[in-house]
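Each of the two complexes below includes chain A, the first together with chain B, the second together with chain C.
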Partner chain A sequence: MDYYLSVATFAALNVILALGLNLISGFCGQVSLGHAAFYGLGAYGAALCSVAGLPMGLSVAVGMMVAGAFGILTGFAALRVREDFLAIVTMGVGFLFLGAVRKQAWLGAEMGIAKIPSPLDKWGYAMLAIGGAVALLLLSLHVRRSWMGRAFGAVAQDEDAARSIGIDVSGYKIAAFFIGTAAAGLAGGIYAHMTQLIVPDAFNFVQSVTILAMVVVGGIGSTLGVVAGAVLLTLMPEMFRFINDYKLLVYGGLLLAVMRFSPEGLAGLVHRWTGRRLA
Partner chain B sequence: MYYVELLLVGLVWGCTYAMMALGLTLVYGLLRILHVAQATVFTLGAYVGLLVANHTGSLAAAFVAAGLAAGALGPLIYRLVYQPILDKPPFVALVASIGVLIAMEDGFRLVFGPYGLSFAKNTWFTTSLRFGGLSLNLVQIWIAIAAVVLLLLFALFATRTRAGVAWRATVSDPAIAESFGVSVSGVRHLSFFIASVLAGVAGVLVGLLNNLVEPGMGSVISYKGLAIIVLGGLGNVPGTLLASVLLGVVESFGTVYLDKVMDRDAIAFMFLIVVLMIRPQGLLGKAH
Partner chain C sequence: MLEGRDLSIAFGGVRAVAGVNLRVERGELAGLIGPNGAGKTTLLRLLTGVLAPDSGSVRFEGRDVTQMPIHRRAQLGFVLTHQIVRPFRDMTVLDNVMVAAATQVTLRPWRALVSVDTRPARLRAQALLARLGIADAADKPARSVPLGYLKRMQVARALALEPRLLMLDEPLAGLNYTEAARFADLIAQLNAEGITIVLVEHNLGEVTRIARRLLVLHNGAVLAEGVPRDVMARHDVRDAYLGADQDAVAHA
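And then the complex of A and B:
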């Protein structure tokens, strides 16, 4: 039972991460290759507070705000550079986070932070993570149909045209980065308390690419597709134990195959077969 | 003297970056693709070079074999991965490229083992030359020579040969170049070939420099290559070369002065972010 609970918790955390990135890259069109950095910022922020004696709820909230604050900073970068330039800058943000944390003694350097208090049991974390994932799912579905979602879509398609009809492009970009990165911070805070140990390498470039893989395999821009992608990519190595040794080979091959044969991901396949667009 | 040595080490790294980044910028200039999978080509070159060197004992044969193997892989990646998705949005090719990179990195690990291989006899690595108070090993000197010679050859190719002129015409306007009888597809294959040969040779040189060839050796240098071409102003060749050398030197001094604050990779990307915030179009790029 414990095993299933922890797999479910990780699947829910990945849904939170992937939906957050989907808000930035799918809805608002700002490709980010550094999402794991915000996951890490949330985890480190929450861990520091918790170790200092703050209650878990407050620590996780602080982690979210730390991640969101750095997300806003990255959003400002997205105002200066676009498209390919932005993809590389966000990749740089990831390396900068990793390289800076590794050298900070007060963040535990390479060893990370250990003995983080863990007030909940396995059920508690599973419920918390699933609750967070459901909340973010509902938020995503709502945003998509709201004025904000349509403005995101306009920015994604053609930001100059969007600006010319009076849409506050800068404001919406920063909003997308804030919501998406704060969500990653939430996942980080839960992760830190659950595992009680965080190390810099858990938030490296491969982790960023893994989150991106979930979004892309599910179908960038489609909320339900991304949820399916995140759950599928979490379960796959668990269902096929033998894949664990070849995990990266399979991830890489899958990314390549999806891009090559169905760039719209699972959502694209559903559309092709049933004629219906996933939300 | 210490500073001169730091500067030289930085310049040598700059030369390595330049060999990697020139190819990336060629590909970007032609197809608007961020070719992360170049790392795979680099690593393949290093492994082929190492195997040939250890079997035959000849470094010359190693370089030729590495260049050929890399030169075959690059156009193959273009053919199988990029060509079918050229009309898709840019992130599609980027994600596919990242897919190739991580799959192949795992592939190298499965074939050659996770710990890396060393050269059986690496005399360039063990021989150092002294100039006054400075000491450089032969690999570092050869890296500088190789970079300068290969880049000069490329400059001659681009300015003095028919193929070079066709290449430049295709970069500036593919449709018009094609109407003048240039084979656009041929130019693309040729660009991938040149980029890959440079990467393969650079792979062997970096393998010699560290006396270690390992599955992940290409990834960080390839990410930095992307940072460099962005820094130079995407698709801009002189900008790319300038950015390569600057990044090498900044890293070299940064690792001494910022060692307590961040690691080498972080310094490189910090530099990238700071420069882009001031000049969003890159060092030598034109403003939109």
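And then the complex of A and C:
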């Protein structure tokens, strides 16, 4: 039972991460190859607060804000560069985060942070993660229907045209980065308390590629598709243990294959087979 | 209403716009003409903020807007349509116009997040599509409709912003003879309704018909300015065009 519970919790955390990235990349059209850094910022922020004696709820909230604040900074970087270069900048953010954390004694350096207080039991974390995933799912569906979603669409499709019809392109990019990275911070905070031990490597480039693969496999821009992608890619390494050793290879290959053969991912397949577009 | 002072910009060695001064009065319909590469598009881009000038300033309704971002100028009612159509390709024609009709709602991202009511924008967008005669394409994705439709959709999108000053960059290009005449009539009518218009066009027949004032740009500088008949009669204007394309003048 414990095993299934922990798989379910990780699936839910991955849903939160993937939906957050989908808001940035799928809705607003901004590439990000460093999403794991915000997951890490949330985890470290929350862990430090908890170790210092703050209650878990508050610690997780602080983690979210730390991730969101760095997300806003990254959003500002997104204003300065064009699409292809943004991939490199966000990848750089990821490496910068790792490099900084590994060298800082107060962040535990390579050893990470241990003995993080853990006030909930397995069920508690599972419910919390699933609750967070559901909240993000509802938020994503709402954003898509709202005027924010329509404005995101305009920004994603043609920035200059969006500007000339009065859309504050910069404001929307920053909003997308904030929401998406704060969501990653939430996942990080839950993760830190659940595992009670965080190390820098949990938030490395492979993790960023994994989250991106979930989004792309599910169907970039499609909320339900991305949820399916996140669950599927969480279960895959559980069923086929060897994947864990070749994650970058398997997920990288999967990414390329999907982009080549079904650029709209699972959502695109559903559309092709049933004629219905997934939300 | 609009005043550009001493505007200049160079791309590499090319002085695309060199020391242009111009004024646009409230309520007028001014034609901006000149041979290919004269700098017309570049001048419009400088005025609307797509490009920042190397030197010079732009004033809109008495306020210096040289540093103001494009979207803010658009919100003030100072709107540009692009020479090359820029539809949101994956949206329907109606959705394209709706996003523009909702600028009051999308002004602030956080306000947009809590707004889901699309009815007012939809009604306004539908009315504009009908007015431009493209209502039949409302639900088609923009990527699949012909250029003539996109040209008109772009104007519908601009009108959805309730512009007070509208800059149209070659709206008639790519339209056939009757379409162009009808579209020019619409432009004149919009002007009669109170929208100040600056019209860049190669279709000299139509510009001289509807514009009350012409401005000729040549090699990035203003060559001539005045009522269409006088301007078109000038030798230097004819020479500028002869160098570039004789047919255009013969057509006028």
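Heads up, the rule we're going with is that the second predicted complex is superposed on the first by the 270 of 279 C-alpha atoms of A that agree within 3 Å, B and C clash if a C-alpha of one lies under 4 Å from a C-alpha of the other, contacts with A are read in each partner's own complex, and residues count from 1 in each chain.
Note that contacts are C-beta pairs under 8 Å (C-beta built on N, C-alpha and C of every residue); 3 or more make two chains touch, one makes a residue touch a chain.
Here the structure is a predicted model, which means the values were calculated and not measured.
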Contacts of A:M259 with chain B and chain C, given as first, second, both or neither: first
Per-residue touch tally on chain A - higher for chain B or for chain C: B
Which of chain B and chain C A:L23 touches, first, second, both or neither: neither
Which superposed partner A:I88 touches (first chain B, second chain C, both, neither): first
Which superposed partner A:A77 touches (first chain B, second chain C, both, neither): first
Partner chain in contact with A:V209 - chain B first, chain C second, else both or neither: first
Touched partner set for A:A8, first chain B, second chain C, both or neither: neither
Interface residues of chain A shared between complexes with chain B and chain C: none
Of chain A, residues touching chain C in the complex: 142-143, 145-148, 150-151, 153-154, 157-158, 160-169, 171-172, 175
Residue ranges of chain C in contact with chain A within the complex: 48, 50, 69-71, 74-75, 79-82, 86-91, 95, 98-100, 102-103, 105-110, 112-116, 118, 157-158, 160-161
Chain B-touching residues of chain A, taken from the complex the two chains share: 25, 31, 77, 80-81, 83-85, 87-89, 91-93, 95-96, 98-100, 102-103, 205-206, 209, 212-213, 216, 220, 246-257, 259-260, 263
In the complex, chain B residues that touch chain A: 28, 32, 34, 81, 84-85, 88-96, 98-107, 110, 219, 223, 226-227, 230, 234, 259-270, 272-273, 276-277, 280, 282
